[in-house]
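Across the two complexes that follow, chain A remains constant while its partner is chain B and subsequently chain C.
Moving on to the complex of A and B:
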């Protein structure tokens, strides 16, 4: 396959995720109606009162809330993915140079295997009632880092063993120099793929937290919260539940597709990277 | 979602041993594994206690009503035992767990009583979903593996990748809409008997399916990858060169070696299934830990979630231990 064709294929697979996250980010500015005031009857059907997708449980415009309800989810997930990838990259690189750190992180990852992420999020948000969105983000980062460090450390180990890093270490270079100047620049491809995977995981966790009502609180417009709030009216105005459901589903699918594209293809084994 | 598939234990290097010696070895090995997982579980429980303890806010303030005086608050702290020293409460919590005492909720009820009828229901749902996941992912993975790289292989792998990232509540809403509200085939809401269990079997179908779909996507990829790895080993190549039919090579030569990886993958799904069950149960009004946790969320009741986390941690520990034992039994004799 020629380089241009491969580039085009890459762009096609990344495009849905970029378009959808872009739309979610600008959505709050292009809503046709107010997101917090009723414009039609509760669960008004599509078309009533000039609404394209009908009304929600208070008669607020579903389309406007749909446009407004994705930004926080996308921003939170991006932030979680960035923090997890950054922390994991540094810890993984340190672990490759200092084996003790690597072993400690490995044990913590073993322990966290026993803690379902959804329960972990609930544990943190309920123990920290004033935490709000910060609690969700903090919990998602803490739960994600150990797995990500395993990956980063695995990729950093061969680099740490390479001649030039050992030469620099023998030459008396400090730890941070080895990590930041010698190892991390060589992990770019792995870290990009890791970022994609952590974004997928973060969308799942942040959306689930929203659905369990420990993330954004009413009357905030949020896709996951819309599904929870409007589920009793699913027969009266299906769009009030289906539209945010499709939005979250498409976001998860497109981001997952993009992440799979970014993941290094090293044969069938690559599947275990997820 | 992304769970690690690696298990830190390695297969024992078994040389030809007499049966007696071998079983002694297996027992010693099982003892080591048991010790390892028990200590990891103890670490998790300590971590859970620390999380509840160190984050700002406690069970007494979380349930306080507006305008409540500081004296009332102190009285409830005393009632809930929160005024005792941290170390004493930690030891109480850790020593109470093995006896089935999961602590006291912010409302003063025993967490064990809250969960006694709910947790078995969740376990039933999770077990059905795990069984479905195992059957479906093995079938799909093996089916795809018969023609590596063919159209079917690519379709199955693509579909598996597509669904594995879907949140369970999105799958559940789609299933309810199609299989219940539009076609009327299955009930959308779980009704309960007098004893608190689901009234009929068909009420379990939709919740179990909602849990199964993402996990099947995840495990199909693991099965497919494990089969591909095993297919490259010399004994499989020689079986192919001997001219055995593909399905026989698959069932007799590829699958046995791939089983430990498949078991490890399914074991890590247990945590995802228990977490997902909390979400799915609230949609279907299923009488499990999901509904207990829904009211805990409304009350910001941290002792309840700590108890649920401890209990599910114990279940996951048992399943991971079993997966490790499967690995030992399968690889122990041969390698």
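Moving on to the complex of A and C:
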């Protein structure tokens, strides 16, 4: 495959994620109507009153609220996925180099995994009532790291035993260098896949929190909140529920596609197949 | 295919051929014509290479490291290294053009008629499987007897424990033989081996080569193997295919403007002293009361059959393996067992070049970064001179300066080994420990590397510890030698004396194998 064609293929698979996150980020500024004032009848049909996707329970424009309601979800989820993947990668790599630390980390992870996600969110937000979105993010990170750390540790273990890591350790390198320069670069594919997975999990958790009205409160525009608020009118204006649902689904799909695209397919492998 | 492993010994070659589906004797099993393979940056890995394999014939591929031996063998299996492209030529295997064959047909061909054993077969063995499952997995006849017969055929007689081990508990030579048994288990028509004799002691090397010839004759296998050992090629190959060189010769004895560490100066007390070292793997003793004494500036050899604990000994000395008891002293200072308690200066003082060149380099870092890092870490030269230092080190091991920008996957096995040596030389070690470093190199490069090490020893007083199966090399390059067997030192002393009048049976066996070779 020629380089230009490969580049084009790469761009095509990165585009959906970039487009969707970009739209969610700038959305609040390009809304056609005000997000907090009714422009049509409650659950007004699509097209009524100049609305493309109709109105919600109070007659506010669904499209405008859709554009405005993604930013916090996307940013929170990206932040959670980054924090979880980063923490897990570093802890997993340290655990692989220092088996004793690894065992302690894994036992703690085992215990934390037993905590149901929704219960965890409620615990964190109840004990930190003013935390709002920060509390949700903190809860999602604490709940996500145990799963991710087991995976990262498993992937790092064979690399920690490789000749080049031993050579670096025997050559006098410190733990930090071994983790950051020798092990993590070779985990790129695993970490990107892990990031994609954790992003989906984060979207799920943040949206669940939104649905439970932990975090964003009405009248804020939020995809998860929209699904909850408008679910009673789903038959009158299906778009008021389906549109934010599709948005959440597409977001998870496209970010995973992008992460898979960025993972190295061939090339820098020490041991060739066969 | 009709033959069974237990019939192999007494089955005459003609009967074997008649019962097979292969075309008659004179039809080549594999024919490679004018094959040219280019790397992504346009370099030619292979230029107009041709190779013909016939059933019952043993063909040796020779040539310096980087000449394309591995690429050519891989091309026969229809699998080129990732990123490379075939720009010209054909590869015809058993009547199929492998590059126009579909994925499924190619897989069938590879699975049933072709067998390939790579340069580092140990890395292809699933570390979680036991030896007997590894062999049975591929065997046409899955009975326990057939598996035992296969292991016996590759001279790995099952003593009741070996077949139950996992690859991690085998020595490099044993792993190689398990991989060979796996290749034979499929009863292929074409057997391709990449450096099958590298890193084996002479007796075993001859056995493996003899075995290959025996297999070729009795089962009408078409065998191709790459090899840089002229003796093996001379004695065993029916045909020799020489691949051209792309590499400049190493620059032996290049002057290096480095300060000589005063601690490496000659003195009365030993620089490295190991006493009563015990190491065990999960209760199985690997080393029992091993001692090793090396004077400053001296060269010490460690010999022994594969599995005798040579590698374990040097890994324990550099701290990669913990010992259960015993002491290690470097320049009079006791070193802790394991790496944790050792200072950076103590770690710099001893450098190990390992046997396996494939895993020794980080796949995501360039050669320049790998070699330059120790220079920076141990402040061997000013930050702005690191680049020059890297180029100088690469040239010393016979690699051109532009290799600094390459990644390990772009290098051949021998080139990687040379990068690993350059990296070990970078921190100016007082003791350089080399575990079979010349086994992956062609004879000429191997000699140049040994000359380089001898030069370092002369100029800088670097102490050398060499592990090798190449007894002439040990005899010619070392002052003292230690013979290991079953994790114990069975004989030690001045190399000339030990080799002239070996006292222990194991030493005599090693030497016997070497001296019967022409």
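Criterion: the second predicted complex is superposed on the first by the 232 of 274 C-alpha atoms of A that agree within 3 Å, B and C clash if a C-alpha of one lies under 4 Å from a C-alpha of the other, contacts with A are read in each partner's own complex, and residues count from 1 in each chain.
Throughout what follows, a residue touches a chain if its C-beta (ideal position, glycine included) is under 8 Å from a C-beta of that chain, and two chains touch if they have at least 3 such contacts.
All values derive from a computational prediction rather than experimental measurement.
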**Prompt:** First (chain B), second (chain C), both or neither: which does A:137 touch?
**Reply:** neither
**Request:** Look at A:194 in the shared chain and tell me whether it touches chain B only, chain C only, both, or neither; answer first, second, both or neither.
**Result:** neither
**Message:** In the overlaid three-chain picture, which partner chain does A:169 touch, first (chain B) or second (chain C), both, or neither?
**Reply:** second
**Message:** I want to verify the contact counts: of chain B and chain C, which reaches more residues of chain A?
**Reply:** B
**Message:** In the overlaid three-chain picture, which partner chain does A:35 touch, first (chain B) or second (chain C), both, or neither?
**Reply:** neither
**Message:** Between chain B and chain C, whom does A:182 touch in the aligned arrangement: first, second, both, or neither?
**Reply:** second
**Request:** Figure out whether A:110 sits in contact with chain B (first) or chain C (second), or with both, or with neither.
**Result:** first
**Request:** Have a look at where A:258 lands relative to chain B and chain C in the superposition and call it first, second, both or neither.
**Result:** neither
**Asked** Looking at chain A, which of its residues have contacts with both chain B and chain C?
**Response** 268-269, 271-272, 274
**Prompt:** For chain B, which residues are in contact with chain A within the complex?
**Reply:** 1-6, 8, 40-41, 43-44, 47-48, 51-52, 55-57, 61-62, 161-162, 164-170, 173-174, 176-177, 181, 218, 221-222, 224-225, 228-229, 268, 271-272, 274-276, 278-279, 282-283, 293-294, 296-298, 300-302, 304-306, 308-309, 312-313, 316-317, 320
**Item:** Interface residues, chain A side, partner chain C - complex
**Value:** 162-173, 181-182, 185-186, 188, 266-274
**Message:** Which residues of chain A touch chain B once you look at their complex with the stated criterion?
**Reply:** 106-107, 109-120, 122-124, 126-131, 135, 147, 150, 197, 200-201, 203-205, 207-208, 211-214, 224, 227, 231, 234-235, 238, 241-242, 245, 248-249, 252-253, 255-257, 260, 268-269, 271-272, 274
**Item:** Contact set on chain C toward chain A in their complex
**Value:** 74, 77, 79, 81-83, 116, 118, 120, 123-124, 318-320, 339, 344-345, 347-348, 350-352, 354, 356, 358-365, 370, 373-374, 377-378, 407-409, 420, 423-424, 427
